[in-house]
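Here the chain labels run A, B, C and D in written order, and each chain numbers its own residues starting at 1.
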Amino acid sequence: MTRTPIAILGATGMVGQRMIQLLQDHPWFELVALAASERSAGQRFDQAAPWRLPGRCPPQVAAMQVLPCRPEAMPAGVRLVLSALDSGAARELEPLFREAGFAVVTNASAFRADPDVPLVIPELNPGHLALLDRQTGGDPDRGYILANPNCCALPLALALAPLHARWPVQALLVSTWQAVSGAGYPGESAWDMVGSVHPHPGDEEDKLNVEPQKILGQPGQPADFAVSARCVRVPTADGHLVGVHARLQGSPSVAEAAQAMREWQGEVQGLPSSPRPLLELTERRDRPSTRFDVDAGGGMAVTVGRLEECAVMGLKFYALAHNTVRGAAGAAIGNAELLVERGLVPGVSGRG
Amino acid sequence: MTRTPIAILGATGMVGQRMIQLLQDHPWFELVALAASERSAGQRFDQAAPWRLPGRCPPQVAAMQVLPCRPEAMPAGVRLVLSALDSGAARELEPLFREAGFAVVTNASAFRADPDVPLVIPELNPGHLALLDRQTGGDPDRGYILANPNCCALPLALALAPLHARWPVQALLVSTWQAVSGAGYPGESAWDMVGSVHPHPGDEEDKLNVEPQKILGQPGQPADFAVSARCVRVPTADGHLVGVHARLQGSPSVAEAAQAMREWQGEVQGLPSSPRPLLELTERRDRPSTRFDVDAGGGMAVTVGRLEECAVMGLKFYALAHNTVRGAAGAAIGNAELLVERGLVPGVSGRG
Amino acid sequence: MTRTPIAILGATGMVGQRMIQLLQDHPWFELVALAASERSAGQRFDQAAPWRLPGRCPPQVAAMQVLPCRPEAMPAGVRLVLSALDSGAARELEPLFREAGFAVVTNASAFRADPDVPLVIPELNPGHLALLDRQTGGDPDRGYILANPNCCALPLALALAPLHARWPVQALLVSTWQAVSGAGYPGESAWDMVGSVHPHPGDEEDKLNVEPQKILGQPGQPADFAVSARCVRVPTADGHLVGVHARLQGSPSVAEAAQAMREWQGEVQGLPSSPRPLLELTERRDRPSTRFDVDAGGGMAVTVGRLEECAVMGLKFYALAHNTVRGAAGAAIGNAELLVERGLVPGVSGRG
Amino acid sequence: MTRTPIAILGATGMVGQRMIQLLQDHPWFELVALAASERSAGQRFDQAAPWRLPGRCPPQVAAMQVLPCRPEAMPAGVRLVLSALDSGAARELEPLFREAGFAVVTNASAFRADPDVPLVIPELNPGHLALLDRQTGGDPDRGYILANPNCCALPLALALAPLHARWPVQALLVSTWQAVSGAGYPGESAWDMVGSVHPHPGDEEDKLNVEPQKILGQPGQPADFAVSARCVRVPTADGHLVGVHARLQGSPSVAEAAQAMREWQGEVQGLPSSPRPLLELTERRDRPSTRFDVDAGGGMAVTVGRLEECAVMGLKFYALAHNTVRGAAGAAIGNAELLVERGLVPGVSGRG
């Protein structure tokens, strides 16, 4: 079977390097191009950016030449790009790629709130791909932007999905214990994080106030519930722990909620990046724990623990996911896999 | 002025050593005895327990002989003991001291739920000392037990006090980012905490479900509201950060709540351990932060930040306090100071 | 091909669990028994000891019943045991297993100084197995004890091996930055390690003063050079970084030393746990770095960096290895593999 | 007594803020001006730079207007400036201040190697101030540059001073466990430091190869011995631990060396920032430890431990000091105090 050629925009950063790592020996994709800022373009990849992840940069990637982030710089045959650009660059560049006929599968937040841009977790709401027609007018050769959620919204939505399907969410209280990799590289100062935690000063909480509704709603019709979040950075490397208090219509018991989570198979099966199970429930009272659970399912599973009654909201639990795998690079790759599986890569016939 | 002689029960542990540290050069107290388990009794203090806090053990304390934890072992003239015993030992030993006529000012949780034992933060609910009569029958020469709250309940209650006075609490959601010193010594394993966080597996959440109501209520009549807590250990040394979502009767605005906090003077002024202000409000979006705010007011102030609207509960904010100073050793010493100020040390006339 | 049955003594601890993890799907060994202290014996493994490593305990291991650490408790057919016992238990129990005819491949330090017990790194000094005859009298059916070195001595000796072969070591200065897993579980207190480092108070430095000479020498004839070590615990989870200053006979240049390291193949090839290359040389000035290099070669490679001239000793470099894989559990398994390869498991014919 | 007016160059950074902190209520100095880069100049100090140290910026400092780093911008009457500039800016700007008649007391490394610039630790080598004449030609009204050593060289030299005086140093091996504050702000990336250590990629080791000789030598005649250093960054906030192996002429015993360290009073007594004792010797085998010893003597003492025989070099020990207090801001302030005490501030009569 031919693998689909794929390129990465913003390949030198923390999420871009995770994409490179996850695309090694990928059964469906062949990484053919790396693009980054003008400062990096033209250099060998390993000259442009020291490898920031554990281990070594794959040698064949290290030797690739970095391209500029322009549609016309992409090699012939590439119609699918993963974007790890930061929000400002994404806002400017991703529309250029869309206009040029590329499927842009982005981790950036720039267009998540755009009603025509689907916010998709492949196993959760693949039906939202229907929104792509609003961008392409139904023309299978035209480009579009497809976004994945914020790194905290993702485990939150995944853990809630099997509950929301039967007992619709009415309100959510969320607290986070977020790893430093969420800030990119160099990101947080070590001086601020050694033996310390601090409230996330950015717009992380705002994202959590709107993204879950869009993901868990119908295409074009966000679900209707209030969210209030407190996001705190903690001195962990990878893995966001999310504490969730949920008010659910019908007030399921803890046992009912646990069973729904355990039985959940997702809406789509068989994507290469999709683990079995999607949700790993732990019985240990001191889990999920960042270092010990972050790599569950190759970093693509969500570990859920301490599912208990909440005296105020009804139900509470913790969910943990790898923020740069399931919550970013792997989220985008999963979406790209979904596009292949649905035959939605521009100019390419489907896999189904 | 004569200083009141005071002894410490459980002097060798993390909280006991903090008590020693805070009693150095105390204007009202003279530390005259250290008691600990039979294993330690009879040894020089510095032989019984290596000093676990930053800096050095005060030399005159290092040379003191550790006494057994028995009332009859106390030096003549001592009627006031601070207890840093763990809960099991406290349950057994504190009543013996009470029976023998001692005022037992305890940090242990053993008797906090006892309706006759006041749960007091000196600046917040000094009126609860009235409950002592239930233990002494009003006899000023008899002993009693006086408890301070849990290390998370304390900043929570202190920050809520000025709000609750005008807009009674109706429900609370609480999340914590708790330092390892809260587990005592050796406490948490470094293996579990290096670059990792985990849910507190003990009964910390249960304490937060009942203590705030007792503290914020009337003596003998706990306030009536639900609390739901999520307690998580993080790799910080000292300082518990608490995220609070509150539903308050009358729904004050953020500005009103901030003003109430800023103006709050406490019910008692002038105790040596009591800082000015009690609540420090910060405007920085990335604060309070453990390492940077933990020592506010000599570790006895509570730093409050990010006071904001909560879409679900009405109001939310963070509060941070030093868990072994304001939340434990300093809490007990503050209560002891209150007893002196009110003339309630058995057999000793008051200061007022 | 039949896999050799193998048992683990001290299976519940940090190193025992690593052994379990590394024996999953091992091509040469079948894990058939777990033994631990009397307190654990008789329980299901997952009841006896919560899993302490990232991820989950393999389900079939979780369900195994823990046996007492006695030779007669071992299942029929087992003649090879891995020991992760602590030093005191090892001193008492390992000789019992030897007397009963078992090959005891131990990570414990109890018998490392015994001149009849070989101290072996399989790729480095397999010839030291000749010492086993001193224990068995050459009888292939009798038991013996075979030890691997200390977790710091191991990367030190591996990195020096290719140098020592051509330019014999004359003196060594060693400093370490050691991870907390080296202390076992619970091991170091988190209170002592959050944002702090401290000198190792135990006998780690003493081990480094004698083990390298035994490993790098001839069987029964330790090499003759002085070692002085400074061992410091740092707040990292896994991975000991070792800084080495070496005075070598013949004073090789940096380039010569680097070439010798790069070309080194080891004395034995093809063991399942043995990585290619054994030594990974990095050119980055900020490497090796614990979190980023600890898993090189599946945790079995040693990463060497900053090979530079030393104005005092001649040559200096850093070496990093995973202390509970290459430095403990994997070291023992490698030795067990070597025994199989050489046909030295009592009562079992060889592989060669 | 009149306090000497003093200004800080580079006031917004990590070291500049420490200078501000240490000058609060200083008995000899009055902080009258803060200067920083053009980007900050003209703003209120607290607008120009968020406070990065624990606690709050002193309110009167917060309200000061930041001046540009130019001599002509200094308020009238100021002849003494502390420089916390980084090396590049220092190289350009410090000579301008010298030419304009200022005493520049600098923490920057730019001119440390200049033979006419004394490298001074006030209690150790005050006689090196004689070199200032080479800059001023002996004119008491002319400006000059006076430098303090690198943050690792400082504890190293202080701990060696009493030894070197009787048993001259012949060679040194040094390893370090360095805190992240040494990299300034934002400095090290948290991603690189969470649960990780790495070799210092900069020129730290080079500084340690030359500064000790200059400090411990005669004015203009560096001592003659070789140094080889390994500098490693560890995830601690403040405090550099230094492991020293020394070959000393005359080979003192451990007891003799300890006595010399204990008895050492320094060459100058009575400076406000100078603690008693200068060297704190600890008997604990697990000390000095960063978090527990960093604040000894208000951050100005050096804690020495594990003074032991070294099989290779003769003597070994650990020394720990606060790297931004004793090793930077406090070092500069101590030098400024020395200038006042010696009457060497341009245009100002002495204190002696």
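Note that a contact is a pair of C-beta atoms (placed from the backbone, for glycine too) under 8 Å apart; a residue touches a chain by one contact, two chains touch by 3 or more.
Everything quoted here is computed from the prediction, not taken from an experiment.
When chain centres are set by their Cα atoms, the one at the greatest distance from chain B is C. More contacting C-beta pairs link the chains of A-D than the other of the two pairs A-D and A-C. In this assembly, the C-alpha centroid of chain C lies 43 Å from the C-alpha centroid of chain D. One finds 47 Å separating the Cα centroids of chain A and chain D. Averaged C-alpha coordinates give centres for chain A and chain C that are 40 Å from one another. Counting only residues that touch two or more partner chains, chain D has 192, 194-195, 235-237, 284, 291-292. Interface residues of chain C facing chain A in the complex, by the touch rule stated above, are 50, 53-55, 194-195, 237, 284, 291-296. Residue ranges of chain D in contact with chain A, taken from their complex: 14, 52, 179-181, 183, 185-195, 235-237, 291. If you check the complex, the residues on chain B that touch chain A are 171-173, 175, 177, 192, 194-201, 209, 226-228, 230, 232, 234-237, 241, 243, 245, 284-292, 305-306, 310-313, 316, 318.
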